Every structure is written in structure tokens, then in C-alpha cells.
């Protein structure tokens, strides 16, 4: 059966977005790509700095409120519905809850054929890339590097510490049926 | 019954995005916002200039190919599924097919309670705003100003020619139940 | 003698950027455009939220520190040097100090032929456009609307409250020799 | 004598921008950063695709016209003037003319104390990063990878093929006096 979704999980500045764009380039079919960044962009501006929405502390720690969780849950169902309707979909996410974040996804995915891809990057290297991006709160990359993978089960794993995005994308693409 | 979706239709540079951001600010609940721009961003880069994807001519004329239509159809179903799952959703779209674009939406909306909002802007004024944006192909605004409303039925209509985005948003918000 | 620089002054969300892009489109020669936004982008990320750099309060109030002022002074000299070297240059700025900001510019402009253009917008309308942009701290537009024009002398003034960017740009362009 | 300017030269997608942001983060003084991208942004939109401005071919080849060259020459003088006025300035550029591009800079730099930094990246790796960025014409990275360094003399050279931006930035920063 053909892979209907690829769910990519990794910490901030681990290189997920670059891998997604490379996947869209190397996969012969056109795949739609969504992610936690596009979800946040879809929310009201006032939710980007509030108790009910998304709060990023001065140390890069992220906390999400009840409104955020509710909108995210509906968004997850919608993204799964796109795949069910025939679009091939890549999602990049940050499993702040590790295995429990994966369980949350599994509940909405049902019978869909999903490839789970883990993107790792050594904390120190991710922290350096966070500096190079210039627009991120320092500390987020290091704090997320390990916890997002805690207890998560993958079909394929890549590590961007010493491997280019395009090479990682090809490794993932090789597992797409 | 509570309004579950607001679908906003208008030509390029008619002021849809500003109205959407104002709606998200003035509506007390948090609403998710998606649109044709975020859909195009979700597609592979190669589809932004191809026969199968989206082609923008030197005169601002837009043509969409088979792959674009197929991904868009699945995306529409997914956005409707988000609303069904409890998120309140604003969509901004450009009905290149006028009434037939609206029929396409109706097929996926089913029983959802939808407010249809038309955003008009005089072609000459929209063309001027296109110049002020600086990043759009000249001609798109004028060519879409009227045709996108052809045969479309609305619950509320606003005109940005002489009315600010925030005032238009309040007019639309007043029709949200 | 040919106009060598156009310096456009107005509060946040008064419509300066749109007017600048329209000026670049309607003026037959190619003009370079710089402004306080591009200056801030040129500074280290850490200066965007610090005592020594640029601080934007929760109410939209802006304060600039010593390092910001020093870099800005050198930048102003450099922009004037571009005009002296033959480029025609548009600058958009926010005269937080009113007349004293203009005096600061005059010191570096020397013999250059400069057109001073004031961009006004009613505070309530600018505040609404601030909402429509979605990425600005609320309150900045209203707090700057009047003070930036305090004691400033212009060669031409426009008001975007009821007039489109392109029309304002044509009014300014008509004063360019 | 203190270094007044750092001029960084490298092909498209070689990693210049990330290095610049890291330099701004690791250097204790605040440095202004400009580059060929910010110069192009400062030009009228119509120059981004014209004989007189900047043309990017379907194969990623770049050609610049007479108007572009004239504005660039004035911009170079202005950037040098900023350094003379006391700002410490980083410039990133793409020396399409190799040694002759460096000579063009030398003419405007006069007595300034400049650190020339070369940023290399293997063509195949740069081409892969071009795919990962998603917004670049494919082919530009490979076509520029070597020619931009042809005959150029550097005070320090780094290679991003296997070395992170932050590490490269520290190597360059160590040569700043």
C-alpha cells in the first residue's frame, strides 16, 4: 500500500524544514507539506504570546495553553482528512510530549499508512544553527534536542549533525512506498 | 447555530489578508485562518511555475493545472474536516471560476454552517495596491477584480475601495453567530 | 538641480513602505530605497530587544539606546554618501524626535538636494491598519501618529487616511526635479 | 589598528548569511551587516527581472545590467562611508567577476582596514542546500561555487562543506583586531 503521510519529528533547529523541502523535490509525486510553524501562522496573532496560546520563555522553553491544544487537535484531524481524500502529506512537528505526542497523532490517523521519521541533531550543533538563523530564541534547540524523541517509535531515523538535508531526505524517501 | 466557517472571496490585492487578520483580532474566539496563499506554500516549489501546478503569466493571468486541482480538492476536504472537528475556520480564496468555485466548496462543506463573505475593490484601486505591495505580477488585480464574484452568492459583502480593513472585518463579524 | 534624495517621515503604519514602492515604480529613474526597518535588520539580533539597541514596550512605545544611535549616525552618513556618489535615494524614517530628528539628518546631508515628504494618517486609521498587518505591537501607530511631525518642515505632505499609496506617491513624484 | 570592515565572498548557498548572523552574535561590538541581497531589495521591483537590472536565467546564471552596476557602485561607496563614520560593517557579496570584483571594492575602500574572508563550499553540497532552501533557482549554487573565488586574495578562508556556520564565524572572528 502506498505511503499516505510522512510525519517528521525533531527539535527546533534540527533541520526539519530543509528536509521537508528536499523531500518535496525528490519525491516524484507532489506532496503537500504542513507543520507546527504553519499551524502557528494560522492562529490569531494574540495567541503567539499568551497563556491560552503559545508562550516562548526567555530561555527558549515552550508552553502551550488550552486554546492552542484544542485548535491543534482539530488541525490534526483536518490534515489526516486531506490524506484520506487522496493528497500525500508531509507533516513536521515537535513532539514536546515525546511518546504521548505520537499517541495523540495515532488517534487521528486511524488506518492511514504513515511513515514516522525521526530527525536528530546533537544539541550543541542545533544550538549553533539556532544562532545562524538569527530569528529564534536561544535555548530552544538545546532544550528540545532529546526530549522530543523520548519513547517515540520511528520507521526511519536520520541525523543532521554530519549529514546534509538532501541526503537525509533521500534516506527517508527510500522508505516511501 | 454557531457559524463554523467564514469563506472570504475576492480578487488579488482586494484586501482579503488584512480583513482576515482583523477578523482574528475582533472575534472573541480564536479562529484558524487558511487560504490559497498558504495552500500554494504547502506545495512543492516546482509546482509554482509549471503546467501541472500554478502558472502566472507576464500579464498576471493565472492558470492552474491538474495536480494543483487535485491537491486543492483534498485540502478543501481537510479544511472542512477541521471545522467539523471543532475549530472555527476562516478561509480566503480567489474564485477564479466564480459560481463554479463556490459549488466546488459547497460539495465538501455538507452540513457546516458557513458565512460567505465577498470582498470587492474597484479594479483601478486594487491595481494601485498591487504596485504598493511590490511583490506581485502587475495585472493580476485588475484581471480578477470582477470575474471572481460572477454568480457567487454571499451572506455579507464589503468593499475595500473606500473602507478600511478593520471596518470591513467588523461588518463581517457582525454576521457571525 | 536634480533631486538627489527623498526623505519620507511618518509614524508606524502610516503607509510609508507602500508609498516608497509606488515611488520606485512611478519615477522613471531607478531609485534605491532604505529605511529604519532595513537599518534594524542590519543590526545584530541581540540589539532588537536591549537597553543599548531598540526596545519596543508592551504599549508600542519605542526607545533606542546608545549603540543604536551610534550605528544609525554612521548609517545616515553612508546613505548620504550613496546619494553623493550618484545614486538617487529614498529614505523612510520615523522622526521619534520630531524637528530634532530632522536636524540630525540635515547635518549629514550638506549640499545634497533633498525633498522632505511628510506622510500623515489619522491615529485611529493607522491603529486599524496596525491590526490588519498582524505583526506589529499594538499602540505604536497611535503613539507616533502626531509626535513624529512635531516641528518638521516639509517640501510636500500627503495624508493616507483617505488617499491611496499610489496617488500619494504621484503627489510626491510631481515635486521631484 | 581595529578592523573596520569584513567582506565575505562566496557563491550562492555557500552559507554566507548564516556566518554573518553568527559573526554578529560572537563579535562583542555591534556590527552592521549588508549584502547583495539587501542591495537587490533596495532596488525597484522592476529591476529584479530586466536587462538593465538583474536577470536570473532558468539555469541559475546571473547577469547584471548597466543600471544595476551604477547603483551598486554608489552603494559600495556608501557602505565604505559608514565604516569611515565609525560603524563596524560586515558585507557579504558574490564576486561574479572574481579578482576584478575585489579590485572594484578596493577602489572605494581606500585606507580602511578590511578583513577579506572567503567562504567555500563544494559545488555538490551547495547545490543540495539550494534544494533545501526551496526559494532559489536551481543551478546558481553550482555555477558560482568556484568562479567567485578566481584570483581573489583573502585574509582568512573557511569551508562550510563539513564545518558549521558558527565554527566558521569563530575562525573569522579570531582574525578581527
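Structure notes:
Each chain gets a letter, A, B, C and D, in the order it is written, and its residues are counted from 1.
Everything that follows uses one rule, which is that a contact is a pair of C-beta atoms (placed from the backbone, for glycine too) under 8 Å apart; a residue touches a chain by one contact, two chains touch by 3 or more.
As the structure is a prediction and not an experimental result, all values here were calculated from the model.
Of all residue numbers used where chain B meets chain C, over half belong to both copies. The two sides are thus made of the same residues. Think of chain A turning onto chain C: fitted on CA atoms, that turn is 180 degrees, to the nearest 5. Averaged C-alpha coordinates put the centre of chain A at 39 Å from the centre of chain C. For the pair chain B and chain C, the distance between mean C-alpha positions equals 32 Å. One inter-chain figure worth recording: chain C and chain D are separated by 27 Å, centre to centre, where each centre is the mean of the chain's CA atoms.
Shared contact sites, meaning residues of chain C that touch two or more other chains, fall at 21, 24-25, 45, 134.
The part of chain D that touches chain A in the complex is made up of residues 18-19, 21-22, 24-25, 125, 128-129, 131-134, 162, 164-167. Residue ranges of chain B in contact with chain A, taken from their complex: 21, 24-25, 30-34, 38, 41-47, 52-53, 67, 70-71, 73-75, 77-87. Every residue of chain D that touches chain B in the complex is listed here, in rising order: 45, 134-135.
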